[in-house]
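Have a look at these structures, which come just after this line.
Both complexes below contain chain A, partnered by chain B and then by chain C.
Now for the complex of A and B:
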């Protein structure tokens, strides 16, 4: 669009200049609208958590209200007997560990699949992908029996293992394509320079797939953080995660909206912060300029 | 400086694709050797086997008499320059230069000194803080060279280092490479498909084709005394003229019949022909355009032809003429050169002609070269 405008004769220049401007206004407007709509639930969640009991149920909704931390206080110190911080800690631990394992192991496996020629390389890669073909519901019973047999029911380790294995195939496939894109010469240069294969992986290959590491880490963490089905079955009390706790909320107490939203805020905040921090690594084209 | 020997080195990728076929080649210590050949001739595979980036199917590569087939690339102590520079894009120039030293656990202070030193040598000091993507092709390859010379290696491997550069940069950088070689005196193996570049940088040229070493020598030796038709056709700035011919001997003189013309060979040439082959009949005559003179008058040892194309090249003009037995080209002084359509008679400098047999071997090749 803008390129055709640039080649038009001088007489049309004034009109042509207005066009890209209008275009960017339109794009910006649309982006703002979409962002606004996406943020409404977040807005409602936060304001509800900060409202007093009567403000929450007021109709028409009150826009200006006196913020109160009563709901947060209730949620954290009065509710249910169990401290919500335990569940938050479980979620952070399980998500952090399973993401770290999935990305670390996945990166190594992906590098191997991308770089080394060995028998059945392609078949192995496909087998890894195939582990995600069946919906997790399909193997809930065997998973439960297996964890039960090794005594891991209601332990954080059970979920760490399960989430790692669920994320691994996805991490491997995404990172494999990132590793394949690295020009082989870069690694050969490092090999000739005196680095071992492991050092080449650490010092050359890994820094170059940083965007892939960030992307897979974000998606793995989001999956682990939000996963409910398996968490609700493999954990009951001690190792329960935030989604499990939140679901129990409505059932036992009716719905205490203020407290529900206060906990909900803490269920959303960590993963949002994690994503925002990693987002700046999601720049592509890092390998550009390495080789012609 | 190390002495490198290829001893019947073979590289097979699959059972029926042989990239390098029993290559035997010695690079004397401190020599700058170019491996020259068309793409797919096995020159890169040979270098990569030497570097340790590719396994050796058969044969042995020795450095100073020691077999290195099983050594890891990093322990062979070679420095390599790549065609596409292969700079680490996540590191700045300084970081790129330091990488080989970091691998050798050199102390930080020493590394900084060496980096500054090498940057000065290659005039890239002002770019030390830049990333590779901010550099031009020529600057990138300077960094590539810097990364090779930074660790006092005694052997350099260069895989078409100037292949991606513009013409004027190629000329500039190749003289820099030559200067570096004269200063450091390292044994160097350099791959290229450009004979002019090969002649400019190297001491010796090894011509490869179809995975085999064809001939080893200086560019002049390769031009004047090619071992076979491939080398004769591949080397030389103008394509060599090849004409069908027949050899006959009446006991006293050996005559090469080219169409209607008869070229009496010198006694020395006759001697070499007999020694090599006995009495062969159908052969091919090869002659360089610079060794063909064009005359207006006919003679028994001249070949009649009609000028079809003239290519002025300044002082000299390349004349392409059609004769009944094939196309002849000649490089003649531009002053008084014939024009298209003119009838000419090509006189061939007998002492400089080559005779190729049916297998392409040069029957007049002198072994000592």
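Now for the complex of A and C:
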């Protein structure tokens, strides 16, 4: 990677010193540009939420404007007679519960697959992974009929159950790769000390995969929080989540840009903070443990 | 012998709850979809009647379905190709040893976690013909406004652009992690063998990255194939079906036309397509593993 300055004639030394600096500036400049492009839509979202209605529709777009919280106020306390807080509450409840279930059941299964050798082990693991690849839209018809049959349409429980299942395959795969890395000797020692297998799992193995638990929990939460398709089919009003609220946006109404951007901000902001804080095992989680 | 049985019981106890959920919420619906697809089945029009393979035959002659398959193929190909090329390049950029890149990288990956529906909302606003920021930029450069979401030839590209914005950072992040995990000594060996940069890239770096490349491309194909949020927010399948991807057509068939049997047949076709694609990649990965 490094330059071959040492083999170059002395006369080029000054140029060779300037070149790496120029290269650094170019690299940094490109990286800034890329980061900027990543941020522009988020910037537009926030500024639109803070604009007055006339500024939102202004041509040419207004870049310097007096911020107002009118859109936030409208979205949360006035808009359409629907209370965003109910949607927010549903989102938090459903995300929290489904994440807790997925990580608990997933950690158990991952440990079982990582530790106990049995004939169907590898097939079972691949089978579990393969469920992650099925497009959610393929499930909407049967899942709707199933939940309809047991009377769970428009209840939080329906989405909690579906999201638990949706995240399980991912949680199992990622955590399995974490459990495999723990040296078996530790657990054998605990067994000799008289721990039951269940205690070994709870008190020895689980604490050792804490980073994995954190990563899978946060990614599961993000997937549940962001999910739209099944939420729009399984809920109508009482159990509807934030994406369902946002999907009510209609361009023909064309008047509520600011309000929807304001709700969008609340849909995105908590996730952004988590992402910035937890970066360490993100890749491992996102690729099912295949790339670290 | 006793110990063996106890071990098996523990394994079963750990794994079975997760498998039960997956079977009930993932596997059963697939079989149920298969069953529904063999029936004339719609909301509020009497009992389902057995239809044999009628729904599947119908798909063959349905121009709208053929169009949806082709549109999906186009969208997936364009999005994944662009995301991969840019993301792969950016991984190398962010892999350089320049101060400040670490922070920029953490910010640049934020789009990955943005709720897709919010991404659709913001890009809908950005692409607006009357007051969108992108058309403003275009007029500044001295060009005419573009009808990004209603022009027959442009609409699909607009969706691709929004998808590229959201998912290029994902490719970058994974490829970056893969690059970081390459051991330094292979580069030393390459240098000692007298390979120049270009040769090192093609004969050392790329072959060693191949498993990661395959995983990231597979995940992007699977995920962009099921994309529905951008269509929902930005085009609703229009103009003239130019952005009607398979998930959207299925959704409309099932929950607007209420033709559940036909929608289920589409779901089954989607599952077959995704299984074939996944198998190709898994075989490729297994083949490589077998060689090592």
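FYI, the second predicted complex is superposed on the first by the 230 of 292 C-alpha atoms of A that agree within 3 Å, B and C clash if a C-alpha of one lies under 4 Å from a C-alpha of the other, contacts with A are read in each partner's own complex, and residues count from 1 in each chain.
The working rule: a residue touches a chain if its C-beta (ideal position, glycine included) is under 8 Å from a C-beta of that chain, and two chains touch if they have at least 3 such contacts.
Remember, predicted model here, so these are calculated numbers, not experimental data.
Student: By residue count, which of the two partners contacts chain A more extensively, chain B or chain C?
Tutor: Greater contact footprint in residues on chain A: C.
Student: With the two structures laid over each other on chain A, which partner does A:48 touch: chain B (first), chain C (second), both, or neither?
Tutor: second
Student: Which of the two partners, first being chain B and second being chain C, lies in contact with A:150: first, second, both, or neither?
Tutor: neither
Student: Let me test your reading of the model: by the given contact rule, A:24 touches which partner, first (chain B), second (chain C), both or neither?
Tutor: After superposing on A, A:24 lies in contact with chain C but is clear of chain B.
Student: With the two complexes superposed on chain A, say which partner A:189 touches: chain B (first), chain C (second), both, or neither.
Tutor: After superposition on chain A, A:189 lies in contact with chain B alone.
Student: Please indicate which partner A:141 is in contact with in the superposed arrangement: first for chain B, second for chain C, both, or neither.
Tutor: Only chain C; A:141 stays clear of chain B.
Student: Overlap of the chain B and chain C footprints on chain A, residue-wise?
Tutor: On chain A, the overlap between the chain B and chain C contacts is residues 286-288, 290-292.
Student: Given the complex with chain A, which residues does chain B contribute to the contact?
Tutor: Against chain A, the touching part of chain B is residues 51-53, 72-76, 78-80, 82-90, 99-100, 103-104, 131-135, 137, 147, 157, 164.
Student: Give every residue of chain A touching chain C within the complex, in rising order.
Tutor: 1, 24, 27-28, 30-32, 34-35, 37-39, 41-42, 44-45, 48, 56-61, 105-106, 108-109, 111-113, 115-116, 118, 124, 126, 128, 130-131, 133-146, 161-162, 164-166, 168-169, 172, 197-198, 201, 222, 225-226, 228-229, 233, 242-243, 246-247, 249, 251, 257, 260-261, 264, 267-268, 271-272, 274-276, 279, 282-284, 286-288, 290-292
Student: Could you pull out which chain A residues touch chain B in their complex?
Tutor: 183, 185-186, 188-196, 199, 203-204, 207-208, 210, 286-292
Student: For the complex, give me every residue of chain C touching chain A.
Tutor: For this pair, the touching residues of chain C are 6-8, 10-15, 17-19, 21-22, 24-30, 32-33, 36, 90, 93-94, 96, 98, 100-101, 104-119, 121-126, 130-133, 136, 139, 165, 169-170, 173-174, 176-178, 181, 187, 211-212, 215-216, 219, 222, 225-226, 228-229, 232-233, 246-247, 250-251, 254-255, 260, 263-264, 267-268, 270-271, 274-275, 278, 282.
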